[in-house]
Amino acid sequence: MSQHKITQAPIPMRLVGPVRIVGDVVDDSVMLPLATYETPLWPSVGRGARVATLAGGIKATLIDERMTRSILLEAADASKALAAWQSISSRIDEMNMVVRESSRFANLINLHNQIVGNMLYIRLEFTTGDASGHNMVTLAAEKLQDWILGEYPELKYTSISANFCTDKKATAVNGILGRGKNVVCELLIPRELCERRLKTTPEAVVDLNIKKNLIGTMLAGGIRSANAHFANMLLAFYLATGQDAANIVEGSQGIVHAEVRNGDLYFSVSLPNLIVGTVGNGKGGSEGLDFVDENLRLIGCREERAPGENARRLAVICAASVLCGELSLLAAQTNPGELMAAHVKFER
Amino acid sequence: MSQHKITQAPIPMRLVGPVRIVGDVVDDSVMLPLATYETPLWPSVGRGARVATLAGGIKATLIDERMTRSILLEAADASKALAAWQSISSRIDEMNMVVRESSRFANLINLHNQIVGNMLYIRLEFTTGDASGHNMVTLAAEKLQDWILGEYPELKYTSISANFCTDKKATAVNGILGRGKNVVCELLIPRELCERRLKTTPEAVVDLNIKKNLIGTMLAGGIRSANAHFANMLLAFYLATGQDAANIVEGSQGIVHAEVRNGDLYFSVSLPNLIVGTVGNGKGGSEGLDFVDENLRLIGCREERAPGENARRLAVICAASVLCGELSLLAAQTNPGELMAAHVKFER
Amino acid sequence: MSQHKITQAPIPMRLVGPVRIVGDVVDDSVMLPLATYETPLWPSVGRGARVATLAGGIKATLIDERMTRSILLEAADASKALAAWQSISSRIDEMNMVVRESSRFANLINLHNQIVGNMLYIRLEFTTGDASGHNMVTLAAEKLQDWILGEYPELKYTSISANFCTDKKATAVNGILGRGKNVVCELLIPRELCERRLKTTPEAVVDLNIKKNLIGTMLAGGIRSANAHFANMLLAFYLATGQDAANIVEGSQGIVHAEVRNGDLYFSVSLPNLIVGTVGNGKGGSEGLDFVDENLRLIGCREERAPGENARRLAVICAASVLCGELSLLAAQTNPGELMAAHVKFER
Amino acid sequence: MSQHKITQAPIPMRLVGPVRIVGDVVDDSVMLPLATYETPLWPSVGRGARVATLAGGIKATLIDERMTRSILLEAADASKALAAWQSISSRIDEMNMVVRESSRFANLINLHNQIVGNMLYIRLEFTTGDASGHNMVTLAAEKLQDWILGEYPELKYTSISANFCTDKKATAVNGILGRGKNVVCELLIPRELCERRLKTTPEAVVDLNIKKNLIGTMLAGGIRSANAHFANMLLAFYLATGQDAANIVEGSQGIVHAEVRNGDLYFSVSLPNLIVGTVGNGKGGSEGLDFVDENLRLIGCREERAPGENARRLAVICAASVLCGELSLLAAQTNPGELMAAHVKFER
């Protein structure tokens, strides 16, 4: 291997499923492409997919979508920072004209601020069509920043990215103000199915979710997160579909909520921060990532649709894969010994 | 593509560097293997590597290493949970005999507990030789749990993994009690080098680190984290070396500390939670992941050494790659316009 | 002492200062009433007040104000929760008519939501005149909840207070979305004054703030907080002015930002969550808390002014007292030995 | 009122109860002294106390106790910081001889560290007899710091208190490593009692606790906390018994865990960070705080006992008051309308 050549890391990949998804964005049965070194993930997600399909399908709801970038400016003092903010935040229409010069897909939808001493943090929130939007919002933020510095000479540049965005860090702001697609997936599993296929009971899953995901994570000092292993499914799905997989850091901050309802198991995953796209970096074409292109096509995310539709479909399928894997692992952990047995079995 | 066949996700990979590292664990110049869809990362880390090498090399210190798993048991009440804990925590030698039956590399080194109501969370801490240790500690935890349930019939099983471990979630416990390798990398960059190669000043980097990484992340509601993009380098390095890359979630919780010292730039990254190994899952051999094997060999992590030495070397090289990429991005962000220009340039 | 009689806990109280405050809300010299068992606080705040006054006064800016309550409702599924939210959030004018029935001071200014599974959390944000507003927003939330349940029979009641408010807990939401008065206080201290009166240098204070308040708190797993002892001043000021002092829990989540500017010390405290009022519970009158009444009058917060003006004045004076105490303690801690000496001296 | 005179803030105080407590530390019926402006707290805690007593009493367990202070030192680099730490942490016996010179009650029991760049944070953990120990550990830390700086001239002083302690801030470290008394209080409430006296069902309380305290606080970005209003009871109890009430900031980070057990309600509060003492600042005597003395005597915390026994008793009674108030409020919130009705009623 010559040291400077571009080569490849061929991560094992498999299509798992199909899983039935029902809802406004997706109403379909889809295979789940998962690329991972942790191959026991495949049968685990597969089991969840079978149970979900037998239970009538995963109900998926897309709650919100936006992509953000924060900039940092400084004024002479807090009073002047506040005055500038009050003026800037009233000029969103003008700002959108600036944004349009940088991209025909970016659309500025909201602003939030933080003032600390004389520093003014502005969080810019955009819709970005079918792109996850990292570069689109950085470019738009640069244009907006130039415009702001021109209009408000009393402000000075500090940073084009100020960690109040926030990208690839586990924080609270993304869940509270939104970043990426916010998707909820729900499933009602009849008791009999729960017992036969998951070898557990609704009560056991609910109990484990409370004691492990909710209380256990809290004891560990977690932040806005209550799940067993969202990160595993996200990584595998992101790698297989050409996403910037470092976004699993915030993507994995999600919540399992489960209840016993009339003897059956209500099981849901809420994922407020899925940063995914069907166009842009790593999505095939000139970069030669044909497998990404093929995977996106296979799951129906390369169709001719209105801007954003393909990306919303992708987010929902991603969230469904998370539900399948989470359900399966939690069920396994209600039974002492099953977790390791599965690992030992599947890794061979 | 047949839907159930195992195929591959061929992520673009490149060797970046070399970078000079000095210290007890590594004293060498190494190339950094980075697999990523975000190809601007390569020149960015490359610039950091050049600067680091010109500055005399990155000083790397391995502070600690351990791998953990938490189990959850229940007693009749808190008083009985406490009594059980007091007894269990006094029998670590006996417990280690149980551990030895499951692995010759696992070694139980410490226990921590949490009692909530009548629930007893026990965090088991092990050294695991050259393996990252996920499976090793799960297996050991299962054996220990069986032993505890046998010795303390007043306790009952709740979960083999209780999120107080904590694996692939961003929490505070791993940084406070330790999980994975804890590595600090430091660099002293002469002002002249800073200005010539990074196009910035020590003062500008220090200022940006405070306002973006420390204050910006805090405003976002971050937890034990202050950096710009540790996650990017970790993902690329983990994928290239066969690691379980979902561990970037906690791995990316690290801290940049920078100071102006006698006019020069002191720049450090502290990474308390690097979960890496040179043997085990995804490390080549029977699974056919030859590229991982090759990369590990190339960076000198396949040598005949005492157990654990190869993995410690790997952790230090990983941390060095993080320093290079972080330094380069922060320097770029001190200059308005440079960030996007770099992205636009390198992505073409 | 008869066991069921109402008696009193007579906490030691003292007027400290005066301190000069300059800004739109307050432009005045005021004494600071501080009730505390920790009597070394008095001379400590007093020193800060003297330095601040000599430096030309504390520049105070009121950034924002609002009071919140969150309610929790449930729909059949996430899709129906989303549909209800979209409708509710478009009817804020109608909702305000409902609010007016419960109070002539409460004004609904914004709504935020969270959807988890089929649960809909709604955060209601109000202005509340001169009251801190705990009861006013609870009453308004009850009226709004009744109205919502009437208009949206597909929703069912879960809780009138759902911890997404959030009252008397340390979280991220209050700082990000606002709760209480958001006040920034700034001071520029000439180097000479810093050295003579605080026995330290601008550089030493800045260095300590970074290493203790910013990095130290982060290492401890803090959330949106970077200060040495905001809680002490807040408690003493809240008790002396009849506030609900349990609100120091979130009130103490604030940030010190300090810099060396042209050789002088820029020192600021940012307090985004001051829950204070000049009317309502514990503010004298029928409850016989005459001392509260007297203290409020003494600091000029009992004047005839437009609704909200007295409360804003109170918040700014409170924040100024925090600056004085924080500055003094940080200065002391730059000198080994001074902290304890002060305690030993003042407690006698 | 002369402006510089020490006067008093006479906070309304009442004895509430009695409540029956059973366990190793307390086996008794006690009145609860509560000083507060929020007078509806009295009947609310009172209702909880009656229910708890009727249910057979609160089972209280003291899990742990310690008081901490962190110091911050710097070495030339991380490697030297690590070497110093390894040596220091092996000399705990010598260090305890130094501690004994500062106090006959302080006893160093453990050390923890954090290394960031070249900085060494050391968390010193002590037992402190019947004192809460703020001053005792500060004094001991100063002595230890002097000793360390003498023994390790390669280290230099940065701060006597480095926020890794951590005092009066909401963080994760205190719950994970311990600070103050760690107390669990449990109660089993027969269904019939729950329905008759609390006007609710076990199922409703359990459901509300999950959705409000666990999930709601998590959504808000809370840290290691799941309760409705621990802060209220803590403030009132701390003020009435002469505690440093600013410690409610971390004290209120506690967890409610409730379950339906055989149709009855298991209800527990876990409070890992109660900073309380029966001697020291504000505890009567020379400072003339006779009411504190009287309250402590009344609840049996002024007896001749082994050092630490009175303080442990105090912590357990404090935690019991928290259980009573939390139970009562949660029960009220399961019924729409009851919360406000109670406030309106009791405040008149």
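By letter and in written order, the chains are A, B, C and D; residue numbering begins at 1 in each of them.
By our rule, contacts are C-beta pairs under 8 Å (C-beta built on N, C-alpha and C of every residue); 3 or more make two chains touch, one makes a residue touch a chain.
Keep in mind the model is a prediction, meaning the values are calculated, not measured.
S.K.: Quick check: more C-beta contact pairs in B-C or C-D?
M.R.: C-D
S.K.: Using C-alpha centroids, which chain lies at the maximum separation from chain C?
M.R.: Greatest centre separation from chain C goes to chain B.
S.K.: Could you work out how far the Cα centre of chain A sits from that of chain C, in whole Å?
M.R.: The mean C-alpha positions of chain A and chain C differ by 34 Å.
S.K.: Quick one: chain B and chain C, Cα centre-to-centre, how many Å?
M.R.: 38
S.K.: Could you give the separation in Å between the centres of chain C and chain D, each centre being the mean of its C-alpha atoms?
M.R.: A distance of 22 Å separates the two centres.
S.K.: Please set out, as single numbers or ranges, the residues of chain D touching at least two other chains.
M.R.: In chain D, the residues touching two or more other chains are 114, 116, 119, 171-173, 175-176, 215, 219-225, 255, 257.
S.K.: Using the touch definition from the top, list the residues of chain A that touch chain D in their complex.
M.R.: On the chain A side, the touching residues are 172, 175-176, 210, 214-215, 218-219, 221, 223-226, 255, 257.
S.K.: What part of chain B is in contact with chain A in the complex they form?
M.R.: So the residues of chain B in touch with chain A come to 1, 3-15, 31, 35, 37-38, 70, 72, 114, 116, 119, 121, 135, 138-139, 142, 145-146, 157-174, 176, 207-208, 211-213, 215-217, 219-225, 227-229, 231-232, 234-235, 239-240, 242-246, 248-249, 252-253, 281-282, 287, 289, 291-292, 294, 298, 333-334, 336-337, 339-340, 343, 347.
S.K.: Which residues of chain B touch chain D once you look at their complex with the stated criterion?
M.R.: Those in contact with chain D are residues 23-24, 59, 61, 63, 77-79, 82, 112, 114-119, 171-173, 175-177, 182, 184, 186, 221, 223-224, 255, 257, 266, 268, 270.
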